[in-house]
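Can you keep this structure in mind? I'll have questions shortly.
Naming follows writing order (A, B, C and D), and every chain is counted from residue 1.
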Amino acid sequence: MIKVGIIGATGYAGQELVRILAGHKEVELVWYGSQSYKEQSYASVYRNFFHIVHADCKGDNIQEMANLVDVIFTATPQGLCASLMDEEILSKVKVIDLSADFRIKDVSVYEKWYGIVHPNPQFIQEAVYGLCEVNREKIKKARLIANPGCYTTCSILTAYPLVKEGLIDVNTLIIDAKSGTSGAGRGAKISNLFCEVNENIKAYGVGSHRHTPEIEEQLGYAYGKQFTLNFTPHLVPMNRGILVTEYANLQRSVTYEEIKEIYNTYYGNEEFLRILEKGIYPETKWVEGSNFVDIGFHIDTRTNRIIMMGAMDNLVKGAAGQAVQNMNLLFGLEESTGLEFVPVYP
Amino acid sequence: MIKVGIIGATGYAGQELVRILAGHKEVELVWYGSQSYKEQSYASVYRNFFHIVHADCKGDNIQEMANLVDVIFTATPQGLCASLMDEEILSKVKVIDLSADFRIKDVSVYEKWYGIVHPNPQFIQEAVYGLCEVNREKIKKARLIANPGCYTTCSILTAYPLVKEGLIDVNTLIIDAKSGTSGAGRGAKISNLFCEVNENIKAYGVGSHRHTPEIEEQLGYAYGKQFTLNFTPHLVPMNRGILVTEYANLQRSVTYEEIKEIYNTYYGNEEFLRILEKGIYPETKWVEGSNFVDIGFHIDTRTNRIIMMGAMDNLVKGAAGQAVQNMNLLFGLEESTGLEFVPVYP
Amino acid sequence: MIKVGIIGATGYAGQELVRILAGHKEVELVWYGSQSYKEQSYASVYRNFFHIVHADCKGDNIQEMANLVDVIFTATPQGLCASLMDEEILSKVKVIDLSADFRIKDVSVYEKWYGIVHPNPQFIQEAVYGLCEVNREKIKKARLIANPGCYTTCSILTAYPLVKEGLIDVNTLIIDAKSGTSGAGRGAKISNLFCEVNENIKAYGVGSHRHTPEIEEQLGYAYGKQFTLNFTPHLVPMNRGILVTEYANLQRSVTYEEIKEIYNTYYGNEEFLRILEKGIYPETKWVEGSNFVDIGFHIDTRTNRIIMMGAMDNLVKGAAGQAVQNMNLLFGLEESTGLEFVPVYP
Amino acid sequence: MIKVGIIGATGYAGQELVRILAGHKEVELVWYGSQSYKEQSYASVYRNFFHIVHADCKGDNIQEMANLVDVIFTATPQGLCASLMDEEILSKVKVIDLSADFRIKDVSVYEKWYGIVHPNPQFIQEAVYGLCEVNREKIKKARLIANPGCYTTCSILTAYPLVKEGLIDVNTLIIDAKSGTSGAGRGAKISNLFCEVNENIKAYGVGSHRHTPEIEEQLGYAYGKQFTLNFTPHLVPMNRGILVTEYANLQRSVTYEEIKEIYNTYYGNEEFLRILEKGIYPETKWVEGSNFVDIGFHIDTRTNRIIMMGAMDNLVKGAAGQAVQNMNLLFGLEESTGLEFVPVYP
């Protein structure tokens, strides 16, 4: 059994980790870290776990935790994981960080977009960006995984094969993204109240959302050169789900079959990526509660553009599910262990 | 492997059966019956099953099905299962009927509330009412299971111990129930359109809902004598979940601890029934996607009443989950096999 | 023009007052009081008012306000209005209090249910309970109006004629109420976050909700004697609307027409009360954005009970709309002035 | 009093016309046309109108109607209004068509995108495209108004000033639109059921939505030359509201102030268009129930693009409200008569 500790177990992503790991047959969850609810029963914070989780929340003593567990997940605000990291911990346990602290290789870019001084930039280089379908082999050998952001996972996977194959003009790439509200976390803010979100849709972080440089960096690796793009997130009145609608000019005339073939080449063997049939476009509800990313596309010959669409559960493949997928890779398990959720409908 | 066929696999309850059985390790699902979508790919009707279910829908030929499977689930409109039933089928396979056809022992009550002439009343007596926690031993030996209604499961289980112990005045029992919209099925009706249900709440079937006599009959068995009660369902703008709020006069002065002890006696060993802590009342979200029923209560000394509350996922414990629980009992499996879902939150 | 000041203009009820008064042709709104947003532009707090309201928020200096306006609305937490009240203010302006401070005549009941020491109980007796359809004549002559609570308005009006006529056994009266989330206010609390409320329903304040004694007191006046009842509120995932479902034993055998006639006698000339047709039950969406209360009922001969149902917009007739109706009465205007909203559908 | 008839009064747009006209002091609504509900009480179809509208639905006899009224609104499926039109009717009454039949000047484009043979193309040229803020003077003199589509109104108004001023590269213009579900109408279709729409977001009509050529034609007039663009609508789980997010490359370096000044020049005097403050982006909730379009923008110097955003209530400014605005212009009334709705929040 793999012994697991979580720092930040009472946020929505942390809670989803607990849900997934509760059904993971190779895992024993031994540390439910939560500074806010320390010493309270975990099931009193999330009553869905009543009769399932019997433990109390503990604090965030990573040194102590590192002596007890094999892997630590950090599902905490930006900067916290970075501040806790040191060589001793990494020598004892694997660390899978769900925050952005180790995702961006250029520390100055991180510091500019996040407005934080990175306390331990010396670990950034060794950290592996945990986008499993792209970096699988590197992940297996890593000590420190930078688990991708929710928007970025969906945005990158949707465009990746076409960017890598040079089929689209990357300088025309525009990503219009829509997310359920769980992506905003469980903080008590007026803007996230039911009455403010319900019956409403809005863009936010226009031109300034922190997932922008992360998407640019990773798609830049695929393309072979860095480029900029527009990324605009929107808040949708639903709990879970991300949909991205991506637009780009085609570099040359292509057929539906050519594009489909490229997606198949890259993703045809991927258990969690589903390339939809012709004329079918993804809906977030078809992936809810699962680790799938559904991808569809349309070639618009009138404008010579391709519209690529991807849908995903932001808390599963966009956070906790992908983190567990990374853990499975790190420990040599079947990659889908504990993640074979059939999407819940309706 | 238990071979399974479903008649009515493309309704919401049928679809939920497919979801649950897809993860049930002792089951092979070999017949996806759907008159409406016959010969269409099942995954084209419910795209959450893309890459998971590869079969096409078949019709409703129960004779042919009975030769191929060990158990048939019928998740069809009232009257259909009854019309298909005969001795030959019951001699070959187990039948678990999710409709109301075999739930009510007095055929005249059935015919009055449902406005249908029962085509095969001769099987009503042998049918076992599949409320697992109450009729477990009878279920194990049955050929034909009448799977309880959604409202009834939650309504009965919430009050059952106190009715049976004679602690409440059954003639004062009032059940005010609230359900998500999946309970209304997938029929294309104006009253179930998003714009009609969203931002709205209403009572319906006031004084005339068909689950009323079913609740009365079963609680009558517990009480030892038949009685009438009020049951009022409401439609809530959410997909899943049933909450019941039940009111009754207490027969004598009781303490919280006495009542709690009674619930514990009846349900303390039940895996799927959770008696909440003092002062905690059930919320549908805490059980979503799971087979749990959560129960709480409050004693109001001002009015000498007890308010009992129960919450449940109408498609799981209220339909497909309980049906699978019945199947597990019928085939001697661990009762919770395939049903260990952790509730999905948020 | 009537000059108006609001204390607590940036809560949901205060905001609804601003919306209604912005369209009231006899009113000039001169003071937008908000301790939290003092000196900020009102339209920056509620951007629906951009280009409509140009004023900034002011503080809560009631003495200064009393010199500038003819009527003050207080839409503030319990205890604040009571603490501000004195003879001088009441000698200068009319006060319409949307909090509970002056609703309950027995100060010990107020103090027990609200857990507050009432700072100025000497004004409780003169305060008129502002349920317009019941206390119209008294309201016209009042200085201080206790505007009824949202649940109470709907609960009382739905049962009032039958209680007053002695047709129901008041000791069996049970009120099961359901409210949209705007009733919980705009405070930043985890329990009111979108992800916690959406796809969820729960009871709260079971046996202890503060509107209970208010309903009991007012229906006690109608009945001629005080009695106790059960009132259970539920939180529904929608913004606006209250539905009450009320159960009581009938004192004698009655026909539908008799009951209908009684409702007509009491409410037939009331502009804002609509008694629905036979077999039609109220839905909150049919009254959204309006000052209507819709009422329907069903006689259950099986159980000798009547089920009465009422629906209302909690922010209009349940708060700001009724407050303006009271203001119209106080100033001798047509009672419906500024309140002729057609309900918004869908 | 202007006498008004509506053909298609029982669709959502027709119903919104009734709501608005019920409060319009210069209008008498004398014909509620509805083929589906002929001879039924209008208020039994939409119970929000109980006690407000007392008329029954009539059929669609436009000849008879033309003798009774001054203006006819048609809120009907594509093709119907066109089939009813003739010189005699236009000589008697004004016609405001909410369908697409007379919006597109090139009949072959209409016939291609709508798949309908236009029965009366001879009236297309004289029809005036009823986008009030753009075609005000022409509207005043028209007999036949082609009321713009919902998506098109919001899409065009958001980009119009910058297109007309040549500030953006129109060949890079991409419109990503999001709409509430009332835009899909009241037809009983599975895809519009509550359970299918709720907790879901999807794109639809990708590359093929019928509003595309309408937007292209109108923006082409502004630009002085026709061009193509991408328009992608999405279905959002809310009743009302459209948000458009539009992307285009800037033709030259511009400042925020320059762009703001251009919007002010075009829209500064427009009562229903609100240009938001710097850093504020539109939300559909801030305009709900009103005739406003809110517009905001962000200049992204990293990518040399501008992101323009517009929000609107699809049933008001996107349908019935704009239709009434057109009527006001046609009859020489104050343009905002009957349309001074304060947006309803929350």
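Simple rule for what comes next: a residue touches a chain if its C-beta (ideal position, glycine included) is under 8 Å from a C-beta of that chain, and two chains touch if they have at least 3 such contacts.
A quick note: this is a predicted structure, and the numbers were derived from the prediction, not measured.
Novice: Looking at where chain B touches chain C, is over half of the residue numbers used by both copies, so same, or under half, so different?
Specialist: Same; most numbers are used by both chain B and chain C.
Novice: Counting C-beta pairs in contact, does B-D beat C-D or the other way around?
Specialist: C-D
Novice: Nearest whole angstrom, what separates the Cα centre of chain B from the Cα centre of chain C?
Specialist: The separation of the two C-alpha centroids amounts to 39 Å.
Novice: Could you give the separation in Å between the centres of chain B and chain D, each centre being the mean of its C-alpha atoms?
Specialist: Each chain's C-alpha centroid was found; their separation is 46 Å.
Novice: Nearest whole angstrom, what separates the Cα centre of chain C from the Cα centre of chain D?
Specialist: Comparing mean C-alpha positions, chain D is 36 Å from chain C.
Novice: Touching at least two other chains at once: which residues of chain B meet that condition?
Specialist: 12, 182, 195-196, 198-199, 237-240, 283, 285, 288, 346
Novice: Note which residues of chain C are touching chain B in the complex, please.
Specialist: Contacts found on chain C: 172, 174, 176, 178, 180, 195-196, 198-204, 206-207, 228-230, 232, 234, 236-241, 243, 245, 247, 281-285, 288, 298-300, 302-303, 305, 307, 309, 311, 346.
Novice: Residues of chain C touching chain D in their complex?
Specialist: Per the touch definition, chain C meets chain D at residues 12, 15, 19, 22-23, 46-52, 182, 199, 239-240, 274, 276, 280, 283, 285-290, 294, 340, 342-346.
Novice: Taking the complex as given, what residues does chain C use to touch chain A?
Specialist: On the chain C side, the touching residues are 12, 181-182, 186, 188-190, 192-199, 237-239.
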